[in-house]
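Following are the structures in question.
Both complexes below contain chain A, partnered by chain B and then by chain C.
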Partner chain A sequence: MRREETVKLISAEGFEFVIDKKAAMVSQTIRNMLTSPGSFAETEHGEVTFPEISTTILEKICQYFYWSLQYASGKETEFHIEPELSLELMMAANYLHT
Partner chain B sequence: MSNNQKKRNFQIEAFKPKEVVDPKYAEKTWKILENAIHEIYNHIAGGLNLEELYHNAGGLNFEELYRNAYNMVLHKFGEKLYSGLVSTMTLHLKEISKSIEAAQGGLFLEELNRKWTDHNKALQMIRDILMYMDRTFIPSNHKTPVHELGLNLWRDNIIHSSKIQMRLLNTLLELILIERTGEVINRGLMRNIIKMLMDLGPSVYQEDFEKPFLEVSADFYRVESQKFIESCDCGDYLKKAERRLNEEIERVSHYLDAKSEAKITNVVEKEMIANHMLRLVHMENSGLVNMLLDDKYEDLGRMYNLFRRVPNGLSTIRDVMTSHIRDTGKQLVTDPERLKDPVEFVQCLLDEKDKYDKIISLAFNNDKTFQNALNSSFEFFINLNSRSPEFISLFVDDKLRKGLKGVSEEDVEIVLDKVMMLFRYLQEKDVFEKYYKQHLAKRLLSGKTVSDDAERSLIVKLKTECGYQFTSKLEGMFTDMKTSQDTMQGFYTSHGAELGDGPTLAVQVLTTGSWPTQPSVTCNLPAEMSALCEKFRSYYLGTHTGRRLSWQTNMGTADLKATFGKGQKHELNVSTYQMCVLMLFNNAERLSYKEIEQATEIPSPDLKRCLQSLACVKGKNVLRKEPMSKDIGEDDVFLVNDKFTSKFYKVKIGTVVAQKESEPEKQETRQRVEEDRKPQIEAAIVRIMKSRRVLDHNNIIAEVTKQLQSRFLANPGEIKKRIESLIERDFLERDNADRRLYRYLA
Partner chain C sequence: MMVKQKVPSLVDLCVQTAVDNVRYLGDVGETDIHLLERILPHCTVEQLMHIENSTEGRDLSPITDKLWKKFYELQFGAKSTNLVTERMQQKKVTFKWKLLFEAKTKDLEEAQQKSFNRIKELYKKEDARKQSRQVRLCTKVPPSSSKRSFYGGGPGSNFSNSKSGLMKKAKLEFLNSREVKNVAAMKKNTLQRNHGVSSMRKPGGFSGSDSASTSRLSNPTRRIF
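Let's look at the complex of A and B:
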């Protein structure tokens, strides 16, 4: 995959998730980060660090991004959320404007 | 988290809620953000790479800024964040304002434009990092969203700053003025600045630019149009006005708000056209009348297109055109020179009509109101001359006699259609009918009509125009011609043998009433002829009992074979009267006028005309007259002209044909027309009263006039007389209570 089309999301613990830009842009916050006219550091490097999101949650978030793309294109499947993650996920969602 | 809707249904507590124990937390976080805003402005203004900034600023990145703003809002410091933003941005804008103010001359707009672009970019970035505030804090606290806030601050601090506001306006107006004088300006820059004003809200654009722009433009065009009108002729002026108008429209499309187009064109229209309309139209030597005279389609079209934009513009053109057509038309129909030749007279009318039809179709966009104006003008002046019906009929007569020879069918139709168009303008259609009938009768009886199809086509046209009643008699004439042919065939099959070599007779039996016969004295026919006529009479009455035949010798023609002194033989085509006269010379060498009159009993004016054409027309003078003179005297003596020669075998001797009617004849026709109108008016009154039972005087007059309009314009006085006559004859009665009311008596 070419670098321009992917973005690296880094969790609080330092785990790196390389995902498609298209998927990442499901988050309005990330979209703004990457498209803002001034070249922010994120745009320059193609990586975003989330010091307040844990690896487990970020992984789930990445899964959600892809699921959401599929859902939007008409493939209606269930997205399973483990109950113990739900609170944290919701807070992350608010943060990411997803 | 599966969708936004669900999430908004309940309030979410802070993500990873850390207890804000640090009382300076808000202050510290805001410092970071404030710093970032400064950096953004400085970075953009200085063209710095953000990466350097990122390093210089100690590791700030989007995520961090966003997170800080996010946390501030979550921790109820939204208000601090918002007011901090306002004051920080204001601070920057004040600085920007200073730098714009400092820009010299032409650089002013460029500096303004550049700063505007920068501000927009910065605003975008700031909005992005403060997105969470934009999303949650601002709607719930009814604050202005960040983007709009940025624009408002820009408006208040830059555009409305005392040192910029007027300068900006003046610069813009000056540039437009420069462009109007024909120089090139930086339209891209203009577009950006105007776009900025529009982005700041419609009121900013309107108040700070559009309104003064329109005022200045009005002044400009007022002065310019005054200058032009003093120095240019109408055509040039219109060209200039058109160009200005197009320039303004183009200007709007290049760098103004599309909504301004109507406003600025309105200004140009008012200043350049509406204010000078009358002066333009009446401009000496180049105004509307001259354009019409010279068929200046382009100028006229331009005038039409410009004037239609302003109120009353078209009606001004129309009024002037109407009065011009009326004036020229009036001159035309009352010019005694013109009246000498009816054919040319009508041709002039047709040419005039063609001319204006062309102008209306080429220059006036086929405007219906103009066509109507044209029609009403023609109607007006054609009816000024009471001889128009006669002349139109004469024109048709001329065309149908000879004018249409060798002309294709379509062209015939075109000519006839044009005639019909003139006919439509006539108010006295019955007068036309009268003349048409006379002329048609002459054509049919003398066999002069060129094309039966054309004749019939015209009748059909008249029928569609005026209804069956109008043409029934004309059609009857055609039927008579046809039956006469059959009758003659029958006569010759049954009597042909006994007639032998004698003269041949062709009788046309004409139904009384259909034809415009005049009660005429029958002249004495030569013996051979009267015998033959008698035979025909008995044959005809034998097959058609109960009819009466009377001879119309004044309308016939004859072909004579004549041998002159030196043996030259000719066939002479003459009228019946002339035939009678010539036959006398079979038995006599010389005859005096009196003798001829006695022998033939032709009415004296007819006889004089007939002798004149036999003896006085050069090249056709089969008779010789003593003494030689132009006119026929009662004491003249006539001889056969033995020296008569002609290069043709057949010689047609025309009677001095009544081209135009003479004055007494005219009076007579008029009288007959008046006479014919009486029963028609009475019939109309009775028809109306029969259905209405009771009606007052004015209404009767109006209804009758309306009913008879397709035939003639009824004279109210005449209608009144007819009503009285009907009352006398017990068709109507006056109401006892109200004398103005009439009652129908069944």
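Let's look at the complex of A and C:
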């Protein structure tokens, strides 16, 4: 995996998730952050920090990104969400436009 | 290039999960209004009540008021709902439908409880009435039947049964009268004679036929009234 093709997503607790740029782009918000000129402060060096999103949620979001790519390529499986995460995950997903 | 199929968004998936698990929802915190509007209509009365009570520091009524109105109508009928709406318009006041729902439910419960109690009382009364009319064992012994005897046959007569003093006197007089005394005396004699003849035998003449002699001698002891 080439360094340029990845991004780093950082949670509120400081956990770093390194994922494919392609996966990250599933989120409209992140896509905007990474592609627009005159970038956001969060996107310095291909890193995006999310101070309001907890580690557990961010991890789940990354999982979703990959699942989404898989689904789009024809492999339709089920994406299971733990009920206790559903509300928080929903709000984060809403924020990320994903 | 792959043909992109419609991938379900994470938001949609989360909404679906929340709807499936709505019974576990409590404090919905800062969840977006338009997201709540997708989820809360799936609640029952109890679930919605629980969520609103758990979500402190946030008024959910912009979303839930119409839901409570719907519950009110389901529970109490369209007529009642319209009546309430009219009244509020007339008096130019607005009450939250959640409040109206709770108040009406309480009223109904109280009225029901009242009528239950009333029915209970009625049953109690009826029971008590039945109990009082029951056949019960008593310890008193009924008085023994009195056998009235007017012709007692001499000294055996019992005139204590007579209630009337007059009758008592009359009876006494009769029993002490000559006739009764005579009869009694004759009876006595007969008994004695019968015994006497069998043991006394005159030598010579009368030996052998005891029975004959007794029968002859007993003839004169006929009762005379």
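One rule holds in what follows: the second predicted complex is superposed on the first by the 92 of 98 C-alpha atoms of A that agree within 3 Å, B and C clash if a C-alpha of one lies under 4 Å from a C-alpha of the other, contacts with A are read in each partner's own complex, and residues count from 1 in each chain.
The rule is simple: contacts are C-beta pairs under 8 Å (C-beta built on N, C-alpha and C of every residue); 3 or more make two chains touch, one makes a residue touch a chain.
Since we're looking at a predicted model, the values are computed, not measured.
Student: Which holds for A:89: it touches chain B only (first), chain C only (second), both, or neither?
Tutor: both
Student: Given the touch rule stated above, what does A:81 touch, chain B (first), chain C (second), both, or neither?
Tutor: both
Student: Looking at chain A, which partner touches more of its residues: chain C or chain B?
Tutor: Answer, by number of touched residues of chain A: B.
Student: For A:29, decide between first (touching chain B), second (touching chain C), both and neither.
Tutor: The first partner, chain B, only.
Student: Touching A:66 in the superposition: chain B (first), chain C (second), both, neither?
Tutor: Touch partners of A:66: none, neither chain B nor chain C.
Student: Examine A:98 and indicate which partner it touches, taking first as chain B and second as chain C; both and neither are also allowed.
Tutor: Both chain B and chain C are touched by A:98.
Student: Would you tell me the residues on chain A in contact with chain B in one complex that are also in contact with chain C in the other?
Tutor: Touching chain B and chain C on chain A: residues 64, 79, 81, 86, 89-91, 93-94, 98.
Student: Give every residue of chain C touching chain A within the complex, in rising order.
Tutor: 2, 4-5, 7-11, 13-15, 17-18, 20-21, 24-25, 28-32, 35
Student: Which part of chain A faces chain B closely enough to touch in the complex?
Tutor: Residues 28-29, 32-33, 36-44, 48-52, 64, 79, 81, 86, 88-95, 97-98.
Student: Tell me, which parts of chain B touch chain A in their complex?
Tutor: On the chain B side, the touching residues are 1-2, 4, 7, 12-16, 40, 43-44, 49-51, 54, 60-63, 66-67, 70, 121-122, 124-125, 128-129, 131-132, 135.
Student: Spell out the residues on chain A that touch chain C in their complex, using ranges where they run on.
Tutor: The touching residues are 61, 64, 68, 71-74, 76, 79, 81, 83-84, 86-87, 89-91, 93-94, 96, 98.
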